[in-house]
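Okay, so chain A shows up in both of these, paired with chain B first and chain C after.
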Partner chain A sequence: MSSTSTTSAGMPAAKPLIPLPSPTTLRGLMWQALLAAAVVLLGWWFYNNMLANMAARGLQFGFGFLGRSAGIPIGEAIIPYTPADTYQRALTVGLLNTLRVAVAGIALATILGIALGLARLSSNPLLRALTGGYIEVIRNTPLVLQLVFWHAIILQLPSVRQALNPLPGVFLSQRGLKLPVFLADEALASALLALLAAAILWIGLLRREAARQAATGERRSTLLPGLALLVALPLLSAALVGAPAWDWPELAGFNFQGGVTLSPEFFALLLGLVIYTAAFIAEIVRAGIQSVHKGQWEAARALGLPGGRIMRLVILPQALRVIIPPLTSQYLNLTKNSSLAVVIGYPDLVSVSNTSINQTGQAVEVISIFMAVYLIISLVTSLLMNLYNRAVALKER
Partner chain B sequence: MSATLAPAKPAPALPGLAARARDFVKACFNGPLNIAISLACIALLVWLVPPLFRWAVLEATWEGTAQSCRQNAGACWAFIREKFWFSVFGLYPFEERWRPASMLAILVVMVVASTIRRFWNRWLLLGWAIAAPAMWVLMQGGVFGLPYVQTRQWGGLTITGIIAVYGLALGYPLSILLALGRRSKLTLVRWFCTAIIECVRGVPLISLLFMAAIMLPLFLPQGVTVDRLIRVLFAYTLFTAAYMAEVVRGGLQAMPRGQYEAADSLGLTYWQKMRLIILPQALTITIPAQVNTFIGLFKDTTLVVVIGVFDFFTTLRASLGDPNWLGFPTEAYVYAAAVYFVLCYAMSRYSQRLEREFRPGAR
Partner chain C sequence: MKLTAFAAAAAAFLAFGPVEALAGRDLDQIRQRGVMRCGVQAPSNPGFGFPNAQGVWQGFNVEICRAVAITIFGDPNRVEFVPVTTQSRFPALASGEVDILSNNSTWTLTRDSNVNRFNFPAIVFYDGQSMMVPRRLNITSARQLNGATVCVQPGTTTELNLADYFRQHNMRFTPVVVADLDELRRAYDSGRCDVFTNDFAALAAQRTLLSRPQDHVILPERISKEPLGPVIRQGDEELTNIVAWTVFALIDAEEMGITQANVEQIAASSTNPIVRRLLGVEGNMGESLGAARADYARQIIRTFGNYGEIYERWLGERTPLGLERGMNRTWNNGGLLYAPPAR
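What follows is the complex of A and B.
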């Protein structure tokens, strides 16, 4: 926008030695300088006040307290933890608990959300109405309320001895949810490797068939050989190394033996987050599929594509473009909402941080730590989703 | 009504109730897949609805004490009757309850007036500018002969209303500034606004509330204390502003470039251009999105539970600890959910109606 660009054409622009900024630019510079000065002054003022306030309470600013013994009892931890461990360890346990519920929640909410979104588009009006009712009720009530509700419901379940047993090996009681798991041994590792190998082979098969179709125009389904691989390789592994053993929960005395336990808090939090987020994902999926123009369906049908392939090759790639960005923000919301764990007593990052603040008084440090952690999680998630988004985005020339 | 008028065209006959029911049933049972789905849905309903109905209506206790509730198997709505006024007013002094009651009345009148498009003019803004401080004065007192009531004693639905209204009233203008700043040509201004928006949106609201409740007092000079409710409002306003700013930015980006260029060619200054040309259009087209965002923000007022401000939800939750009424959390949560649902559902229907009206070519 500088005035030098308006010199008459043809002449080599006679620039002044020192380009003078226009009044608008000057005013802009002045505003920016004012803003910078205000931010710096305010920050400096806050910092000094904070130091004085902390000194008055006998505290020193710094992260040295992280190395001290925390003495916080934490009910569930993925890594070994005792109250004698340091604050750093306690906060790490909290972070891992946050990540555990967030990852499980995102996976389950995506599956449930897609199912609900497709049900919302079903040709069956009864199913449509039921799904619509679910979505409206869940979306229009606060999440905290739903979390405490599920928590209260779980605590009102029968005691361990009268645990509900909806499926073999699955027990639901006021102590949470008991599930059978595979024992982590060589047999399980071998079976998982076999599954992975089968998947890789299937992908290879798909590639070969795609190349073949490109060359000859002939198309063969890889469904049967693929499924055969998926079944045969793990069976082979079971025959060679032995089948992976189940760790089956059994009622022994007053408690269960074996299996894996989801505590009432974790279970309530996961349930609440999944049910809540799935309702939002369902609406996103529905809107995404509806955003694809009707002509696309008609054109695909006119080409003679069968229903499943219309969805996979024509509709989904276009719908995903609309779906991915809001889906990303739902994943981020779920992760941030998992901090509501503090209300029902699940030891997530915020919950552990809160206890740490009460014990040490180092509020600024602890709050900065967990805010930074959430910011990093948010930024990394949106980065990954943006990369994926770029992969599915419309490629224009 | 004159005979010279041509006979009105017969209106397209609305399908009768019976016909619509017939279509519904037909659509449910055409083809084996649909029959299977319908049967599964019906099984689900049969499994869920009768026990719920028995619990909520047939075997429920509508009045009496906790004792009579425990004798019946169903829900204890007597508990809700007992705690109803507490859930609206919280611990506000009993003989002063007319004040929060009139505050809620003002709030309802203003909200209803704001939903009517005919009233969307500067008088409405003026009305809010008068009503919002009036609501606060009414609640706090200390002037006009009204006894002073600490914010600590405010509670229930009144506080939920106060947080939502003040958060929006203070956050909305701030959000416009943030959105404009994020699209500013001045690098530092753009960085500053982007940083604020992204930092606030990147962390959970409860961490902002913790910050306001615990960290903010440390940042102020010694001896300076700020009322806790004000600190909560500060966090909530910041949160509202950051989320609304992204909606407003969407509107600004949706404006065709020609609008900006036309304003420039008229020789308008930046602020004239924004105030007269760009913002009126950008804000109007994003009103449905703003209402949707506000529904989310309104639901988030419940998060003040983490720092012990007694909003509607927290008040109800506190009443669970009443030793005379132990053991009825489900009833309390169902009641709270019903109240939030009615309010949010009304807002979302309103936003859908606006969306239909604003769609190009709707009229």
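What follows is the complex of A and C.
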């Protein structure tokens, strides 16, 4: 890119009065300009083509439909929704459903993936072989197939009337998992605040003990006092304000009423995404760990660190530099793969969008919306992961 | 405007530039291509449109499309069937991926209006939305369904009517919405839903595919009007006429007692001028319509029979669907089928 270096390399003796770029640089610039122009033209042509085609079919471009009443029923929604609400609200419900499954999926896939990656490197040959088999089978079959498979299996659970009842208030049937839930009241808010206070106190305790260990070399566990805080403070809140009320699921009419539901569609999608993505993450983790030089293990052992702490304090921090960039891609893949929800009927953004397109005829607008939304989700995920990557990157001093 | 010139050249080079608007554009395109693309319900809808063991599409809606192809080309085989889901059908039609939908689409104002810009030339089946429930629930009326979980196809009038019906009667329901009809039926069959809702005829068709059809009942309520018929894009009057008068020919033939078996004999011997005009023995009906042949109606009836024969072949009481004619009788038999006169 530097014009001075090519100039000095091409013509070492003569120094022009006006620093003209060399022919090579000029040619390069010309090609770049041409390419940029071609890309802009192509985009412009696509846009015009769209407008011309829409005009030819008498379609009008506009987002006015977002304010109209949607009329479409949606099976599960985090925010209150009825068919009388607008398309904007319906699409928001879809977006929140996408985010719900993506966030839960990323968290669970990471945990499972790291565990599998470590198991793949285990010294136990059986564990190694089992993990290897899992990874190869799951990575090499289509995700759609796996989703349909999990959905079909979940639908084989007992019917509502014969629901499994492993714990009081917990019901598992082909209508999903029913859990009791605390009602949002003052007692619940107070109990949550008490929990938060206990956590903060525990962190304070940890800091004090760390400082003490640094000063005296003596190591004391904070586990017992910490747990005691976590139990005692909420109990105190219950004694003062009262215990939070439960919303208990009960069989009434066709279904369970009350409590929260994890639908079979959500469950099948989450299960499918986690199991699929974890197989890829496992390979990334394995590669990352193997990329750390053997000398690091030997040095850590020479210092007398036990195996678990070598992994946690020496190997993983160095492996993370290799792991984070491909891990980001897997997070993005998981989020985008969640759009396969359409197949099993989970009302995610794409599913709601498809229905909206059909009811309104505004295909270009709705597709632009969901493209923009996926782009934003992906960019935010990348940004966060890049920030984390910078934090764990090799610091050159 | 060098940019425009360059873009035009690029468009010409890539050879898929903006489509020019002409009168009768859709019909011109179909004729130029030599084959009509007909959207049918994916993956299959027993009786109405389904691929047979050889993968050839068959059924009531399929024969309607083939009849239109006879009018346009004089050949029932110049149709390419494109399976579309309830969610993809209207975008497929709007974008020109298919020329005509023959998949039990309901005629509604929004679809017919300037929002979607479609056109419903004729009604081929009068239906109403129903609910199917397992017999063991002992439910006799849709009004007892408060709190039920309902399996429904997305992007349909069915979905909207369902929401309206429960709202109107102050009842709550949980929808399970799956685009793929097979996947949706499996969900109902396995017990994921208490109720399966669709148009009555489509429910009867789906019931034949359940693991134990006799264990399911269709409730008596018809919660909506569902006039079903082929759909095309707005703006091609000629194609509208061809589709409409193809359907009318089938209805007129039944009304006049012309069947697949006797059509040639009647054409040869009838002295009734109305019959002679319909069958193209006299007059120039085919030409005024823009059909490929003057005797297009005779050819359709020779190939498929009249409306009643097509109905009985795919949907009637001797088929697995076992549908009564009901509203779908000709007007002189107490039904709603009434075709304008071919003159």
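The definition used in the following text is that the second predicted complex is superposed on the first by the 294 of 397 C-alpha atoms of A that agree within 3 Å, B and C clash if a C-alpha of one lies under 4 Å from a C-alpha of the other, contacts with A are read in each partner's own complex, and residues count from 1 in each chain.
Just so we're on the same page, contacts are C-beta pairs under 8 Å (C-beta built on N, C-alpha and C of every residue); 3 or more make two chains touch, one makes a residue touch a chain.
No experiment lies behind these values; they were computed from the predicted model shown.
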| item | value |
| --- | --- |
| First, second, both or neither for A:255, with chain B first and chain C second | second |
| Which of chain B and chain C A:363 touches, first, second, both or neither | both |
| First, second, both or neither for A:142, with chain B first and chain C second | first |
| Contacts of A:41 with chain B and chain C, given as first, second, both or neither | second |
| Touching partner for A:378 - first (chain B), second (chain C), both, neither | first |
| Chain B versus chain C as contact partner of A:53, first or second or both or neither | both |
| Interface residues of chain A shared between complexes with chain B and chain C | 49, 52-53, 56, 148, 152, 156, 342-343, 354, 357, 363 |
| Residues of chain A defined as touching chain C within the complex | 41-42, 44-45, 48-49, 52-53, 56-59, 71-75, 82-84, 148, 152, 155-156, 159-160, 174-175, 252-255, 257, 264-265, 342-345, 347, 351, 354-355, 357-361, 363 |
| Chain A to chain B touching residues, read off their complex | 28, 31-32, 35-36, 39, 46, 49-50, 52-54, 56, 122-127, 130, 136-137, 139-146, 148-149, 152-153, 156, 332, 336-337, 339-340, 342-343, 350, 354, 357, 363-364, 367, 370-371, 374-375, 378-379 |
| Complex contacts: residues of chain B adjacent to chain A | 24, 27-28, 34, 37-38, 41-42, 44-45, 185-189, 192, 199, 201-207, 210-211, 214-215, 217-222, 295, 299-300, 302-303, 305-306, 313, 317, 329-330, 333-334, 336-337, 340-341, 344-345, 348 |
| Contact set on chain C toward chain A in their complex | 3, 6-7, 10-11, 17-21, 86-91, 94-96, 110, 114-117, 145-149, 152, 154-155, 159-160, 162-164, 167, 173-180, 183-184, 186-187, 190-192, 194, 233-235 |
